[in-house]
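Sharing a structure below in structure tokens format, with a few things to ask.
Chain nomenclature is as follows: A, B, C and D, assigned in order of appearance, with residue numbering initiated at 1 for each chain independently.
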């Protein structure tokens, strides 16, 4: 069970002089996949922040298989790794227009109150959406 | 009368596949020059924001002469274009390790109250520093 | 006569702690509008580079009216300012989902041979497309 | 046995609207630590690329403890995890001005010929430096 993002074109400014997408950008691609998935589930992360809930990344892992190039289009497949509790854990696969696996990744996100900058529990409406 | 930043090394991730520093990064170099200059004048921009004053950029201009390359070091020379009033206007020159002019630029900054996100006047302590 | 890009969602990583899209990102938005327009005209910038033609930005200007926020969607309207010769000059307007003008901008691009890193003329197929 | 980078100031444009340094930037900080260390060992990564050797990142991991804030200064401590062979594996610790651990990370880098974009062995001069 995963969500697959819309097709995304590599942006020129995301490449580096090696001629590949700079590896730091994959963390940004994972992030937009999370946000697009939440939106698809009816949850606006922008509204969640206004309501005082932040979702910082507490760990991230990426294994790079094939570099993305300028001119490539890609999709991010995202799935929930396990039942959400104090944290949310996601797995990711990025595939290009030829359906080749570009990279696989994983991130763990926590919940923080924006006022006190203290950890809080996963909001109930989020738990409900993922269960 | 200008302030010259410390020497800065081009970061690998700032290049693009043309083999040059991506042009959007020069706006970030101008920004760090402003912040370093303010700090040199005894003003912490981080503290200013905590005190409720934001300084958004309202206009920016850059003319690119020679590209910066990975391996290059550079300095930003920054000066105040005119007496500060409702806005602050800065001129910039970036030079590389051979003293070649890389680009020249200009930005205008406004003052915004962070609570109301409304324009405010240039704080007196800033006016005093620049006069 | 202008080209209007597909609708683009602000990415979380494009914001800064002011809560606005960082001003350097607008240059990246202009860039993707150029590339999308060229593609719409049947020209792949990726292929042009492989053929040995680079298009560095030689000047850029932006006037910021209203900040883009996370949660916003926007379009870039791009038009050719004048007949292309040694350089290409583009005007840009970014509008948000409420049709408000976010910023206006202008960039001038030159043509460079990727082998010799020397200025070359605007390729004939590009001239033809824009005339 | 580790190398500790010069002190680096957080750049404004590296923050996001959560008020923290965006998590993707830590991969860029690790990268500049690698490059600064190589330079300290007498190896220019810029020259290595001109000689036809690229060093793409094949995997990356980060655990985030405390966020870096605008106004913070930090150092990256970098060490070689094991004897270099087909790949180079580095461990990283980022500490702030209070000597607090910000994050820990690990990256594995491969060697690629820039002409053929094919894996090559770790160059002998690099092996010698690290042994």
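Heads up, the rule we're going with is that contacts are C-beta pairs under 8 Å (C-beta built on N, C-alpha and C of every residue); 3 or more make two chains touch, one makes a residue touch a chain.
The structure presented is a predicted model; accordingly, all values stated were derived computationally and were not measured.
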| item | value |
| --- | --- |
| Most distant chain from chain B by Cα centroid | A |
| A-D or B-D, whichever has more C-beta pairs in contact | A-D |
| Rounded Å distance, chain A centre to chain B centre (Cα mean) | 32 |
| Centre-to-centre distance between chain D and chain B (centres being mean Cα positions), rounded to whole Å | 27 |
| Chain A and chain D, separation of their C-alpha mean positions in angstrom | 23 |
| Chain D residues counted as touching two or more neighbouring chains | 12-13, 17-18, 24, 28, 31, 49, 70 |
| Chain A-facing residues of chain B, complex | 12-13, 15-19, 22, 24, 70 |
| Sites on chain D touched by chain A in the complex | 17-18, 20, 23-25, 27-28, 31, 49, 54, 56-64, 67, 114 |
| Contact set on chain A toward chain C in their complex | 9, 11-13, 28, 31-32, 35-36, 44-47, 49, 69-71 |
